[in-house]
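Here come two complexes built around chain A, the first alongside chain B, the second alongside chain C.
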Partner chain A sequence: MGMAAVVVSFFSLLPLVFVAWVTIQAGWATVSLLVFRPRVADLLLNTTALIVLTVPVCAGLAVALAWLTERTDLAGARVWAWVCVAPLAVPAFVQSYAWISLVPAFHGLFAGVTVSVLAYLPFLYLPVAATLRQMDPALEDVAASLGHGPWRVFRRVVVPQLRLAILGGSLLVALHLLAEYGLYAMIRFDTFATAIVEQFQTAFDGPAANMLASVLVVCCLLLLLLEGGVRGRARYARVGSGTPSRSRTVALGRYAPGAAVLLAATALLSIGVPMLTLGRWLLVGGRDVWRMGEILGALWQTLAFALAGGLLATLAAFPVAWIAVRHPGRFQRFLEGCNYIAGALPGVAVALALVMVTVRVALPLYQTVFTILVAYAIIFLPRALVSLRAAIAQTPVELEQAAGSLGHSPFGVMRVITLRLAAPGAAASLALVGLGIFNELTATQMLAPSGTQTLAMRFWDLSGELDYAAAAPYAVIMVAASLPLTWLLHVQARRRSGR
Partner chain B sequence: MSFLVLQGLTKHYAAARATDAIDLVVARGSRTSIVGPSGSGKSTLMRLIAGFEAPDAGTIRLDGTVLAEGGISMPAHRRGIGIVVQDGALFPHLSVAENVAFGLPPRDAGRAARVRDLMAMVDLDISLLDRRPDQISGGQQQRVALARALAPNPRLLLLDEPFSALDTALRISTRKAVIALLAATGVTALLVTHDQAEALSFADQVAVMHKGRLAQVGPPHRLYRQPVDRMVAEFLGEAIILSAVIEGRAATSILGPLAVAEGHPSGRAEVMLRPEQVRVHVLSAEAGVHGAGVFGRVMEMEFAGASCAMVVEVPGGAPAAPARRIALQRSSMDALPVGTQVQISVAGEAHVFG
Partner chain C sequence: MKFAITALAGAALLAGLAIAPAASFAQSGIKPSADGIVVYNAQHQSLAKEWADAFTTETGIKVTLRNGGDTQLGNQIVQEGAASPADVFLTENSPAMALVEKAKLFAPLPEDVLAEVPAQYRPANGTWIGIAARATVLAYDKTKLKEADLPKSLLDLALPAWKGRWGAAPGGADFHAIVAALLELKGEKETAAWLKAMKENAVPFKSNSIALKAVNDGQVPTAIIYHYYFVGDQAKTGENSRNVALHYFKNGDPGAFVSISGGGVLASSKHKEEAVAFLKWIAGKGGQAVLRTGTSYEYAVGVGAPSNDRLVPLTELGAPKVEPSALDSKKVMELMLAAGIL
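And now, the complex of A and B:
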């Protein structure tokens, strides 16, 4: 198990190491020539502006919406809570397709920020809403009894406790902003991700693309460090064991219409626009766009990739998760950390690194199913780890010991007890990774064997040709496939916090 | 004298009455405890007084000002009422010092000094000031919560089961410290608890709450000795309830003749004794027979360290009256073997219900 975990961690760090190695090999002169140029400065400016504008807007909106849906007497709060999570089911590039085909002149920074906020809002809404639900309402009561009005209580007691949720969610959003290619390419807003893909398509395995990827990777690592630094060692564990009494709901009174308008506007922009556009294009396209042969072929390929990638990621994650739970130690934590960091790297950087590795070291593997599956496993390993870790942690070690004392060999124990009990976690891992692959575009484009046509690729090609109507069925299938899991996520988040 | 006055205070939760027409008067500088089984509505009453909930009917007056009346309720942050809750509810993102200072005006020059005074008042070392709430013990957390509640000089202090999260020894010492502190500062206090011993030892005035109503209000001694009904009697401690025939100042029961207070009508009634009123004497050649007490026999004896639990059976007099078993406590130094013949005498008056 330990060996397997080390091997997996090595694989997941491979792209990072390779990028670093190539950078060193190129020599400082080349690096400075390729990095310190106006193009990189432009991209850096664009990306920074995107993050600096999107993340605060997203966070502010998420806190407002979460507070409205969790703490007020807003009519239909439970439905609104689901509506706030639902955009998760719309892949980011479908979101931007919806906007660009509705407003053809929707370009530039403003467009980028708008679509990003709408697409990634749930990443912040979910943790903030969960924290609000779990917060001890007695704290707010006590603050009021000490003479603080509602607004001061919110600012001084509620918001500080949301800090960790906001930080974590913001990091996730920022990493997505760095990694996303489709969304920005569609509305022609240049970021590192779009520039790398562009470079790759013109001169593949060129040093320029590699250097851009290095800068992107450094940006990601900086974000991780920044978040870690700001979070510090704070842990806002609840003090005491008191059961949370149901929190008070705030009567909105004359503000109720305003709150409803805010929620309705968000819902209209984030789900309404995609639904409207997809519906319109399906209507315009009529029967002709449902070319079943092509669609079913793409669906079949996508499903095969999703299943195989999901299995590989789950298998790879199992040893790492197992030793992290059963034999926690510094080295094991380090291994687990490696895999999370690798997972935080943009898919485009991972894909580029794998292209380099295969082309230079193992050419027969270039553009094979094996390579694309490895890429998927690296990109989505954290999703698998999180699910498996939770499942294994819930399997009491005493059960394994009991089975051992009844005469089962360690391998037998693993097969009969651990794997059986971790099965739900493995299923969750398979589903989460599978869905990620289902909607993956960038790495698939760069690494898949020629002739591959996944749903996302077909959608991308057709909308690239401005054949929006023909692209619509693919988008509808991707959204429909994502809906059940999004619903599950929503329900689970509510159940975990006891409602 | 009346400082806090509640009149007809009623609050409904989805058809159930959490509090039902509560009337209560609390004197300035006094300590009152509200005791009742869980679900009796005592926490709701506390939340109504604090202003976390608005009553459906009734009024709350504090020192002459109306806090709630006819559906209009002053918000909690304007009431000047401090509260300490079960687990302290310290702000986890703030240090001990920041917690204590939370209710003080933000730009007060005397803030730091006031925080140090309060820490001394609740007997906490000032080296704890920079700690986080999760770095101090449960007892210390409750003291910090108390200091925080006292900081803005509240007109009234509410204590909502503040000791129940602590272990037994700590609970008693913390309670004593709080009583001493309240006496020193002269703050009027209201304690909510489900622990009858705590309620009785804490307060000048005890209110027993049951199903949303106050069953009885009065000094602890009176509630314990002269409860209005069986519920109050059994809630406040072990009670031996006997049926008896009253005639003037005497009652005839299975435990022989008992003294009762004047003014009860003659005839059948239920009377109550507390176990500590019942004395058990060993029958032996030297000791002889004690007056008019009835005879009994020890049926069970259970050693429990300092004390022992004993069950004595008293035979019924007439064929219609069956034998009666009575549970008593006794010092374990005086433990008796099962089967010992004893004679029973009763100290003080029996309390007549009705």
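And now, the complex of A and C:
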């Protein structure tokens, strides 16, 4: 098991190591020529501005919406809570497509920030709302009894408890901002990811693209460090769980209409716009755009990739998750760190590295299904790990010991006890990874075997030719496929906190 | 441990089997092989697909397309070298063909294939041929500008008067080809200066069609594109070009450059007979007829092959004379990188 975990970590770090190696090989002169140039400064400025503007807006909005839906007497709060999560079902580049076809002149930083906030808001809303629900209102009562007003209580008691959720969510959003290609390419906002793809499209695996990827990787590592630093070691837990009382709901009173408007506006922009544009294009396109042969072909191929990639990622995550739960220690923490970093790398950097590895040193694997599946497994490993770890942790080790004492071999124990009890976690992992693959664009474009046409690729090609009507069916299928899982996430988040 | 590794390998293998395309059943033509040919295609997907489908129907030879940009696929073939899975390479412009030609990766073409295309639409050395052509134009907003307001030469767009007033798709191979022609006609110094001015003056767009749409929507008054984006949109709904007209520079100006789309057979191809047959078909009657009757609106270049009626005839474009295989994409990349455009 330990060996397998090492193998998985090796694979997931391989791209990073290779990029570093090529950078060193290129020599300082080339590196400085390609890194210290105005274009890179432009990109750095754009990317930084995007993160600095998007993340706080996203966080502020998420806290406000979560507070309104969880802690107030807002009418229809349960429905609104779902509405806040629902944008998760709309792939970021579909969100962008909806806006650009509605407002053709929409572009640049402002557009980038707007669409990013709308697309990634659920990443912050989900953890913040979950934390708000679980929070013990006793602390707030104590603060209030000490003479603090409602605002002060919110600022001094509630916000600090939300810190971890906000930081974690912000990190996730920031990493997505660094990695996303389709969203920004469509609204003409240049980031590292778009520039790397552009370089790839002109020079294949030329040095300029690799240097940009190196800078992007450094940006990711900086974000991880920053989040780790800011998170600190403060303790937010209580000794003994006790039974938290139900938090009281705040009466909105005369603010109720304002709150409703805020929620309605967010929903209108994040779900209304995509639904409106998709509906309009479907109407314009009529029956002609449903070329079923092509659509079904792409759907079948996408499903096959999603299933196979989901299986591979889940299998790869199993040993790592098992070790993390059963044998925690320094070695395990090191492995976990490796996978964490690899998981934070943008898909475009992983894909570029895999192109380079396969074309230069592993030619038989070049442009094969195997390579694209490995890429998927690396990119989506964190999703699989999260699901599996929780499931294995809930499997009582005593049952494994009992099975062992009854004469089962270690593998027998694994088969009879661990794998069976962890099956729901494996299913969740399969679904989460599968959904990621379903909507994946860049890595698929760069690595997939000749002749591959996934839904995302077809959508991208058609919308690139400005055939928005013909692209609409593909977008609709991607959204429809993502909806059940989004719903499941929403329900699970609520159930976990006991409602 | 072993279990996990075997399981990993097993899953990957299983997935590979599940996705591997089923072998096609060929019917006629020159004994079609089971795998057919792989075409690295940088031409418009819809056009290439039309060609491939018609060719397959006629000959039973299976064609798998790998789509990408000119320079991407050109560089990819060079990087892959003798191990390239590609049998045929089709581009939108000549520089990427010149790139592969320079790496000596093309197989020389038989006389009967070369004879399909007049000499001015293929390089002198016979390693590849033209399969279509496209004309550089300045698309302009006819609600704001009159013919008289337009620049006389592509070079005029470097003047301060045009600051922020023209668009282009500098990331695409089409524009690289235009710059390559400029480089060939005017030399490195003048091209570098023009690109530097371009960084100041031009509004960059992701693609030609988006640049055209931007002119139509009044975001930018003019844009350097190829003719068929406009013609194609006019033929469809005109939705993205209602306010647009085309300006042809003519007079041998670099801005009147006619770019030749190329096709070649890779020396490393394991299905050369089929690959050559495909290329001959594209350059011959069948393929060129698709250009005339289809929705690509690119120029036909085959011997005696007429182009679509909607197009200004090739002979009236006043294009400058440029040897297609002299177009240097590598140098263009360097210059554009140095100008901060890429």
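Here is the rule we use: the second predicted complex is superposed on the first by the 496 of 499 C-alpha atoms of A that agree within 3 Å, B and C clash if a C-alpha of one lies under 4 Å from a C-alpha of the other, contacts with A are read in each partner's own complex, and residues count from 1 in each chain.
Everything below uses one rule, namely that contacts are C-beta pairs under 8 Å (C-beta built on N, C-alpha and C of every residue); 3 or more make two chains touch, one makes a residue touch a chain.
Small disclaimer: the values here were computed from a predicted structure and weren't measured.
When the two structures are aligned on the shared chain, A:Ala390 is found in touch with neither chain B nor chain C.
In the superposed model, C is the one of chain B and chain C that contacts more residues of chain A.
Once the two complexes are laid over each other on the shared chain, residue contacts for A:Leu252 go to neither chain B nor chain C.
After overlaying the two complexes on the shared chain, residue contacts for A:Leu146 are found with chain B alone; chain C is out of touch.
Shared-chain residue A:Leu14: touches no atom of chain B or chain C.
With both structures placed on the common chain, the touch criterion links A:Val157 to chain B but leaves chain C unconnected.
By the touch criterion defined above, A:Ala138 reaches chain B but does not reach chain C. Residues 47, 50-53, 75-83, 85-94, 102-103, 133-134, 138, 141, 145, 148-149, 151-152, 154, 158, 165 of chain B are the ones that touch chain A when the two sit in their complex. Only residues 136, 138-139, 141-150, 153, 156-157, 160-161, 163, 234-242, 248 of chain A touch chain B when the two sit together in their complex.
Within the complex formed with chain C, the chain A residues making contact are 1-4, 7, 37-39, 42, 104-105, 185-186, 188, 198-206, 208, 301, 304-305, 307-309, 311-312, 315-316, 318-319, 359-360, 363, 366-370, 373-374, 411, 414, 449-451, 461, 464-466. Residue ranges of chain C in contact with chain A, taken from their complex: 1, 3-5, 7-8, 11-12, 14-16, 18-21, 38, 44-46, 64-69, 71-73, 75-76, 78-80, 83, 85, 171, 173, 176, 204-207, 209-210, 213-214, 217, 219, 240, 333, 337, 340-342.
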